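Across the two complexes that follow, subunit A remains constant while its partner is subunit B and subsequently subunit C.
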Partner chain A sequence: MTEKSYDVVIVGAGIAGAIVAKTLTQAGYSVLLLEAGLQAGMAFEDPKAYENYQSYLNNYYNALAKVPNAPYPNLQDAPSPNVLDLSPIQGTTPDTTGYFVQKGPLPFASDYARTPGGTTLHWLGTCLRMLPNDFRLKTVYGHGVDWPISYEELKPYYEMAEREIGVSANVEEQVYPNTGEGFFGEDYVFPMHKIPQSYLDQKFTEGVQGMKVGVGGDDIELYVTSTPQGRNSIPNHRYKLTGPVWDPYTNKLVLERSEQASYEPVGSIWDPYTGQRCEGNASCVPICPVQAKYNALKTIKRARRENLDIVTQAVASKIEVDPTTGRVKAISYKKYHDPGSPEHTTETARGTVFAIAAHSVENAKMLLASGVANSSNQVGRNLMDHMVFLTWGLMPERVYPYRGPGSTSNLPVFRDGDFRKRHAAFIMPIDNWGFGWPTGAPYSSLSAAVNQMNLFGKQLRKHIDETVSRQLLLHFECEQLPQSENRVTIDPQYTDPLGNFRPVIQYNVSDYTRAAMAVAKNISNQIFARIGIQDQTQYNPTDSDYLTYDGVGYTFWGAGHLVGTHRMGLTRHDSVVNSQQRTWDHENLFLVGCGNMPTIGTSNPTLTMAALSFWAAENILRDLK
Partner chain B sequence: MKKEKQQNPSELFLALSAILTGFERVDLLGTGLAGAYYDEVVSTVGNRVSDELWSTIHQIIGRSGKDESRLETAIRRQVLASPKFGPIARNIIQMWYVGIWNELPQAWQEAYGTSPNDTTRVISPEAYKQGLIWNVMGAHPPAAKQPGFGSWSQLPGSDLI
Partner chain C sequence: MSEGPPNIPEAARIKTVASLKRHLQTAIELEHSTIPPYLCALYSIKDGDNLPSSQIVRSVAVEEMLHMILAANVLNAIGGEPSINHPRFIPEYPTYLPHSDRSFKVGLEKFSKATVNTFLKIEMPAEPKSPPEPNRYHTIGQFYEAIEDALKRLSRDKDIFTGERDRQITPESYYGGGGGVLAVHDLDSALQALGEIVGQGEGVSRTIFDGDHRIFGEKVEYAHYFRYNEIHEGRYYTKRDTPKGGPTGKPLPVAWDNVYNMRPNPKMKDYPRGSERWEKSYEFNRTYMALLNDLHRAFNGQPKRLLTSVVTMYEVKYQAVELMRIPVNEEGMTAGPSFEYVPPDR
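On to the complex of A and B.
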């Protein structure tokens, strides 16, 4: 039983919780960080940190299906969703195979990791800012909702996030549709130079040089840019920002500029000299063996540790509210010793301010279970992902995929535009890992060659060399609109061994996004025809997330993005938190994470959410003063 | 001396593996997994079937000599097309290429026996890392043998291709 009362209690040691914990402890405040995952994962020094991470790596090597959560322990007492549990939903019967109770009609396709460091352990690392119109989707295009904040207001926090994560990019190459001048701050550069673009990217770029695609009557010119990512590269000597630091006189969290400053890549947590550069492991999802890719443990390690208490194997279950004041008094959590046994003790965490940072689905689940913060009836609603729409084929020449980070370039052309009045926007990453994602290549390629084509010996080698080396995967990551009926709920019928609720999900994809998939396939066809790519794309009605639009079938996969379940807004009637990320209903309860985002745009949400987390930390600091 | 060597089951396994995979004996030995893969086969399919397989290989090699075309035809007809040896041979290819053992087909198990070893799985982390498919592709096993910063921007270095 913890008697101590902290300045802030944070639930969740992923990137959101880590950023808030680091910022607050560095400003001198006491923080208790509760994490559902194993103690072994919360190691910051050699040899424990190294050994624990090697155990993850070993799990990866031994895994037949190398899916995002393959390396990480799935704990009975704090289960994580796994994409291997996905299957088509039959009629009205919920699919209860995995942790999620999938009511459908389509299974929600993404996962997250409940472990120290959270989902940043298995993320790809792509770090793109949202575009200004993403914040005003309703006003500009008549769809979705507007955010209560603008891109301009979030900009300084984006810079903090890019520093914290360590983003590698060439700012002059970051040209996005409709952003105009001043998208980046004047003289802004990223901490590190771009991650080199792949040979495959170069070949693809040559192939689409000068190409225009017809979309809805318009001809749009394609161009390819390098992708900013949280992965160590060569430091940019022009990067002069440090911090952020909390200035209690101006009440602001600020990055400071110093001519003496230089950015140093942050290596692995067990050894700073490991992971100083991406080494080309080509396994970012699900694990970077050298931690050249950012993970949130690096942020926790930088917190002021004397101000930080961490309790692991602690599943926060109930937010206790004082009925007269509406303030949160405490959070009770279940502390387990053995993740395979339901035995646990119930403990209480007390503080002045509370921040829930357990990721969108767990946050919503906890609020619903506690019966708090939901006067708007929006908690759990507006769940969004990106629909990952894939097409694939053989390039005319070898391009040597399965090398380098998962994606080093993208086509930003469809991230914004007038077409958003009619269909969803999408970004087009060029994927470096062949047909792996949709087909399980190269294992499936080998199996087909041996079992169906009856190849062996030198013929087999030749076939693999001539075909697998030409595999190209094109990726269209489509925006999804917030919809009230896409939601996370709880049901006493469905609990986990610890007695906490399992998320019950209702989910579908609207025509606005389906139309984008049709457009995407059309664009893919045009590109394939121009380059001479042998299309091998196949969607099967038996795929878990198979849908139809205008009589044609398409399959999508989950991007691993979970957004919107406790969104921010202008009024307490249609949102859960205000623009400070403070719940409307409880003055000292902040929510942090992707759940705060009212729309998803076309960028991987982690960077935006990290920016928001710095802002939330700043707001909490103002409260504590 | 040479004849004895050829009759040795491990050597016959290696000789078969070389024909099936299209890699030289020395490349296969270089993975360090020849012993482990041999053990995998024998412990899963049993001594009776594996002895028959080595004996068949011995005969094929004896008769074909240096005639590669004859060798390949014989392997195809007597091994890959054989209900008894075919699934084993295809498993041998996939072991060397990706370090995975595939559970033998139902029909095979009913005809020749089952073994608790016979489950589809990655044989070991080392087997995963030594998979030959990556060499053929000009790549490397993901999360191992990383070729270094920026390597993905260039053509792969010349190696076993």
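On to the complex of A and C.
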């Protein structure tokens, strides 16, 4: 492996690395893909692909806490953070319980998966584009920063991402605030029709029909819309796009339109006829049992294999730069055989261009450990997530949660507006998973009924039937602004068994976002009163991410949307990469992934990351030409 | 579908549109009659074990459902009205296949070598030189040849494709298996639909391939007979293999013992009426009837019903597997789904 020099070396087999690998191999270039996770997870043919995935499923079935990383192996040699490791941080002593070294003052609440396919194995699959004003937050609202690229520029790449992931949505229902004309291209449709909205969504929608909420002196009318999702549904026969393909004459990646084209839902990696439609299994997070939900293994499987070498159990640890040219010459990685043993060999990957796509935190860690790409001193800074703020209560009638995908509808009203001058924007998904997220229901509902209410027999069944089937969870994903003190650093005190650094995280939530939680709670109260929902929401000072605003306490949860640790920008002084996703400091070093995003907006970031990955692949192709 | 001139003796020819409609109704029943036996074998395979075998049986069962749809589309195209929920729609197992030469019976049995042998007989390709007897067809292929011949002859002088277009099941309704649904509105599409049924079952032009890649641009797949033969021989075919030579690819491991030991051909009358096992069997049959009712509506003007019937299909599976976990005798055999007609109300 050390002898061969590749056109491109990619670190990380998640969605970002997979898209770059697929695009470049299909264009005819040789690619080496390094992945920290286990070889077993990189199987693409049955029975091995099936058997490995069944082992994930069995882990999930057997896990007491069905958290996002429950199905996936946690490797000593390439550890993953786990939300079960969270607890409030006491004073100035860092919490070192989990993989993250949490310095606080608030613990960082999100995780990711270091396994082939990456975090797309346990993502929910929500595929919302960012809004035009999200790209110019500073100019329009005076907060955060602007992006060096506009929504219009990114739009064609969103279409590529929606094809790659296989997004199900009805375009005419995608109405968001302040998008202006032509947010979607003329005649654009999604590859597949929308995933049916749940019965719960319908009942909730009836409840808020025509309702106006009072916010900051304004009356704002609510509306509910279907949520675009990366899971298989009925193909839309009006969808006529194929590709993208590299056009060497225009130097562009393009989707081709052909009247003969039709979209075929991509099934599981072990059997194309499994997972061609979402089956409503309702365990999307942490695992879709039939792979109707997109995961990055599907993209890797479509790479041109004769141009692709994959090395797994290979933890990239150092980027080596030629001091005279400033170009990256190699990446050294630690190859382990037994993930539970520190024994490893150090190997070198050589290539012309290097793309680091190992996840925002891991990318930042690797850059800091290598001392590269950091002339701006921005590497590791501006770590962002969505603050997931939840309210919950019992609907007046049965709405049957715990059926279907986690969320099939949302209220987009507060995704953009003049209020962003004062407080953070948020999107309001309606969740189909009852009180599961905040309370561990329905298991906790049962144990509370037995242990605290002493119910049994018919009475117990009646109680469960009458309460669990009425559980409603309302969800606000609040935007967090880039702040340089929210950051990932490294410290020689804290390393993993292979001697790689563990991420040290400093983290807090500003008043701009806390204010949004107060607004959200107020809106929730108005909605609950209108529909007649019995509020069961409780925030406790013992919650790991409990905070106060104006003397009132709130709790937030992590969204798993880790963004911003090596942001792109207009100048080399305040950003790590330029608009091409190329590091300012090293001509042949590209960073790929959510770490490049300067702000987070109110969209789950995977779709935008996928669009940016095609964008990055196109720029790499121009270099290689 | 075999190539060359039709091989139908005068006596076996279908002479009227009414008779053609009856034959197409029989085609639907014929395609359906293989589904309960295939499902019994499939559901008897324990979860997670025997993946290749269970994928093969599953894919064939799903394609039989596709064949039902295709036959219903042809029948609807000539102005017929498919009947899916009448009391005699489900055969009484074990049974001879409709219009067959009565050389073997098909039963509801667990996955086993004997069962796979029966499946091979069901899907056996037509011998080129064995014309059908009047009203008795040696193979399913010959039966369809007679229908094909009738469609061509009867449409020569007048337009027999008078059915309403919106009764057709359209392609987006079908997934989970090879091939695809074709809406039928003329002779060409009708022949294509029949060609798909026969091609998937028996293979195209005496090869092991099912022909879908010609119509749908899919990856090459083998016809049902040859897929079952892979299980039977414990070995995969390769693209170079021929029907005569048998499979020469890599081994296909089959764990014959890793299945629920379902007692063959279960019946509700095996249990005292009102007992828990009787109730479970009854509930299963109610669910299966609900599915047939859904399909009946789907084929009779409400094509969207097919999509919502998927929920009932899952229910059928869950209830069948539940039955297969209930022991019924000293030898360790278990109950199973009986696929019997039950009226809408007790």
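Criterion: the second predicted complex is superposed on the first by the 624 of 625 C-alpha atoms of A that agree within 3 Å, B and C clash if a C-alpha of one lies under 4 Å from a C-alpha of the other, contacts with A are read in each partner's own complex, and residues count from 1 in each chain.
The working rule: contacts are C-beta pairs under 8 Å (C-beta built on N, C-alpha and C of every residue); 3 or more make two chains touch, one makes a residue touch a chain.
This structure is a prediction, so every number in the text was calculated from the model and none was measured.
Enquirer: Please indicate which partner A:Tyr199 is in contact with in the superposed arrangement: first for subunit B, second for subunit C, both, or neither.
Expert: After superposition on chain A, A:Tyr199 lies in contact with subunit B alone.
Enquirer: For A:Tyr50, decide between first (touching subunit B), second (touching subunit C), both and neither.
Expert: second
Enquirer: Which partner chains sit in contact with A:Arg277 here, subunit B, subunit C, both or neither? Use first/second/both/neither.
Expert: So A:Arg277 meets both subunit B and subunit C here.
Enquirer: Mind working out whether A:Asn454 is in touch with subunit B, subunit C, both or neither, as first, second, both or neither?
Expert: Once the two structures are laid over each other on A, A:Asn454 reaches subunit B alone.
Enquirer: Is it subunit B or subunit C that touches the larger share of residues in subunit A?
Expert: Here the partner covering more residues of subunit A is B.
Enquirer: Should A:Arg304 be classified as contacting the first partner (subunit B), the second (subunit C), both, or neither?
Expert: Neither subunit B nor subunit C is touched by A:Arg304.
Enquirer: For A:His237, is the partner it touches subunit B (first), subunit C (second), both, or none of the two (neither)?
Expert: second
Enquirer: State which residues of subunit A lie in both footprints, the one left by subunit B and the one left by subunit C.
Expert: In subunit A, positions 277, 279 sit in both the subunit B and subunit C interfaces.
Enquirer: Over in the complex, which subunit A residues touch subunit C? Could you list them?
Expert: 46-47, 50-51, 54, 234-235, 237, 265, 271-274, 276-277, 279
Enquirer: Write out the stretch or stretches of subunit B touching subunit A in their complex.
Expert: Residue positions touching the partner: 19-23, 72, 75-76, 80, 89-90, 93-94, 97-98, 100, 120-122, 124-125, 128-129, 133-134, 136-140, 142-144, 146-156, 161.
Enquirer: In the complex, go through subunit C and note every residue touching subunit A.
Expert: My answer: residues 48, 51-52, 55, 58-59, 62, 171-172, 175-178, 219, 307, 310, 314.
Enquirer: Could you please specify the touching residues of subunit A with respect to subunit B in the complex?
Expert: 57-58, 60-64, 66, 196-199, 202, 233, 277-283, 287, 289-290, 398, 400-405, 408, 432-433, 442-443, 446-447, 450-451, 454, 456-462, 464-465, 468-469
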